[in-house]
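The two complexes that follow have chain A in common; it is paired with chain B in the first and with chain C in the second.
Entry: the complex of A and B
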């Protein structure tokens, strides 16, 4: 088995996919760092002070002004009100929500990339793990060795899991190191508030508590890893089912993007919560952002994703071991 | 008689209710090159893919050195090496890395064995270059090296000379013959070219529309099918003389065709010359595959090809 994984790793590295992914991450991190830096600068100019309390106060006033306007859907109004309450809570308890520094930036970056960017990177690897063997024709050599088919697929899957951990490690390290150059590396122990839950449109603060930033980051990374594994497994399944890499990638991309769009408009279509793609933004549960569909919880989202993961894995292995290769 | 290394019995494959392979039976023995001859679409590649375990047969059994491909897959594959269609290796890896990759999947294929096969196919100079820089002939050689890594007893090659230049074809032919004669391998070679099978194989199975029409030694098969084409001057007199000696057919453009009989051909020629007929041309000719099929299937097999 170790031999087979070694083989898959050799092929993965020879194609320099991970290097490309690393470069993509680095470029994006630099872009976001610059954007963040500009934002901070602008705020400083507008308020004439770098005091975050004043900035937060200003944001609250902004939101209140927007709530005052009458042309606004009820959904949006509810969301804004929840955000407002959260920010008020931060202000009252003297907690800086955007404590500037590399750890905060890393948290912001990971949370924002969890539902589209990281799945996209994982897809780059997962989509052609099996289908490329078909398009190259090397599958014919691979499957005529004295090795059972399920072992070959398992070695590919384990390689995928290794690649996913490397991708997430790269996201973490690069966002920390590169943004730290601009913002400094302080703030690992800053308190972050969590435990907001939203029930029937109301912000429930009964379980709110403070968590040190590094702990919060660990939770974030755990959830992001889980999402990445689920998306990776689905792309892996498509790679087994659809022999063209481009087609498999297209299907997966369409699913991910539709998830991003659906999240904004399915609030009244309740059964959509069983689709995997509206359940990808798990980190929102930690931040107390309202879920796209009423009644979704961290637990329900994890269960839905777990079900999709298991189904994809079963389908991949059954098809791969049974199919005729032409 | 030498040992049987590959045996196929009543092999069938049905795809979408259409029977594509209709009950094949044949055996390969140690040290022989066995040809698998048929036109495109006859079921050669499907059969070969079943032999190597890529396609599951609907019914029937395939045994490699006594191990059933279906129930004892890993043991059966230990004794088999194959190239199905073109040797599709990883273009982004070097030749050596490709061999290393496949050696890792084989029990007992160590670095020494990799060096051996590299020397065997003569790729020492370019083995560390990426495969995408290789010529087709080099890829073909690397493919063979890969197939020999596990010291197989049975080597299965699907159209091994496809796309090679004449020199490459000759080289490949000599190489395959050497493997069978010196190493005692059973080699199964598929082809749609009669001339190639004739030069390369000991025995041949002729396959058409998913059925084996005939299995025989190449010698027997061609002896009964080979022809001589004559161009004689004057035509009528020559025809009359040949008619007295053997069976003659005449083509529209003035050639005469007789069966080829090694012992008699010279005598016929002598006879013609003696009676004052000029022999302008005398060509030994293999029947085209289509003609062979027509004859073997009793002339009724229209639409083959």
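Entry: the complex of A and C
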């Protein structure tokens, strides 16, 4: 088994996919770092101060002004109200929600990329893991060895899991190092508020507590990694089912993008919460952001994702061991 | 090499995941964190002129397509005159009434900003009196006087709170104008607005350093030229006229340390 995994790993590294992913991440991080830098700069110019309290107060005032507008959907109003209360809570307790520095940037970057960007990166690897063997014709060479088919697939799957953990690590490392050049490397121990719960559109602060930023980051990474594994497994299944890599990728891409769109508009279609793609933003539960559909909790999202994950895994293994290869 | 590294990382992420779920679902008995946070709130210090603007949509600048409003224009003017940077905190909220402002000036951060202010600009009362035009639809002298006495109480409380936070800064309090002056009942509404302004001015006179700036006359003769299309808020020209009145009143000498 270990040899099979080594073999798969070797193939993966030879294809230089991880390098490409690393470059993509680096470019995006640089882009966002610049955008963030510009934003900070603009704020300073507008307020004439770098004082985060004044800036936060201004954000609160802006939200209050937007709430005053009558042309606004109820969902959006509710979300804004929750954000407003949260920010007021930060301000009242004298905690900076965006402590400047590389760790905060890393947190922001990981949280925002958990539902689209990281799944896309995972897809790059996952979606041709099996299908490329078909298109290259090397599948026959692989299957004629005296090894059980499920072992071959398992070794591929484990390679995928290893690659995912590499990708997550690269996202973390690159966003930390590159943004630190501009924002500095301080803030690993900055306090973060977690434990906001939302019940019926209201923000409940009774469970709120402080966590150090590095702990919060570790939790974020754990959740993001879980999401990446689920998406990776689905793409892996497609790669088994569909022999053309491009078609498999297209299906997965469509699902992911529709998830991003759906999250913004499904609040009235309740059964949409059983789709995997609206459940990808797990980090929102830690931050107390209102979920896209009322009634969704961390537990329900995890169960839905687990179900999809298990189903995809079963399908891939059954199909791969049964199918005819010619 | 790469394989074992990624195995290690995978274990790390799994630990993080387990921790996140556990942390989310385990009860935390020590709810409040009021006693844990101990980073001192420093007073804002600075050499530059600091303006804090409080109030309703006029402070916000609603109706001015350039988004500046009279606060932005005043700032621009003062900046030009004194030739240095001016710090502005615009805390105006659309539709704010005196009751809401009374709550706002009690907030910790607002008090801190007020304490650092050299000049405070204030517009309030329009939403109390007109209530989006409702007051005029079913006009009743009794209702108006009731609104007025409520407003006066709130205003006193607001001024008292501002003075508690900052007893030096000059407060420029802008009076109301009558946006409905050219409508049928223009005479009557004007009378109401004049009386309202008179009482507000009296209230402000009880405190030190409050300058009541009338705006009634600005909009008296050609109101429609200076109002936005909603016929309630000033337009760009209207705001300019207000700003031209306020800006010269702001005095500023280099702070001596």
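As a convention for this text, the second predicted complex is superposed on the first by the 326 of 326 C-alpha atoms of A that agree within 3 Å, B and C clash if a C-alpha of one lies under 4 Å from a C-alpha of the other, contacts with A are read in each partner's own complex, and residues count from 1 in each chain.
Everything below uses one rule, namely that contacts are C-beta pairs under 8 Å (C-beta built on N, C-alpha and C of every residue); 3 or more make two chains touch, one makes a residue touch a chain.
None of these values were measured; they are calculated from a predicted model.
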Given the touch rule stated above, what does A:6 touch, chain B (first), chain C (second), both, or neither?
-> both
Which superposed partner A:296 touches (first chain B, second chain C, both, neither) = neither
With the two complexes superposed on chain A, say which partner A:138 touches: chain B (first), chain C (second), both, or neither.
-> first
After lining up the shared chain so the two structures overlap, which partner does A:147 touch, if you call chain B first and chain C second: first, second, both or neither?
-> first
Figure out whether A:15 sits in contact with chain B (first) or chain C (second), or with both, or with neither.
-> first
May I ask you to decide whether A:325 touches chain B, chain C, both, or neither, giving the answer as first, second, both or neither?
-> first
More chain A residues in contact - chain B or chain C | C
Considering only the touch criterion stated at the top, classify A:225 as touching first (chain B), second (chain C), both, or neither.
-> second
Give one of first, second, both or neither to describe whether A:92 is in contact with chain B, with chain C, with both, or with none.
-> second
Chain A positions within both the chain B interface and the chain C interface are 6
State the interface residues of chain C toward chain A in the complex, per the touch definition above.
-> 2-3, 5-7, 9-10, 12-21, 23-25, 28, 30-34, 36-37, 39, 41, 44, 46, 48, 60, 85-95, 108-110, 112-113
Flag every residue of chain A that touches chain C in the complex, lowest number first.
-> 5-6, 9, 13, 47-49, 51, 53-54, 56-58, 61, 64-65, 68-69, 91-95, 161-166, 168-169, 191, 193-195, 206-211, 215, 218-223, 225-226, 285-286, 298-299, 302
Report the residues of chain B in contact with chain A in the complex, numbered from low to high.
-> 49, 52-56, 73-78, 80, 82, 84-93, 97, 100-102, 104-107, 146, 150
So, in the complex, the side of chain A touching chain B is made of residues 3-4, 6-7, 10-11, 14-15, 136-138, 140-148, 322, 324-326
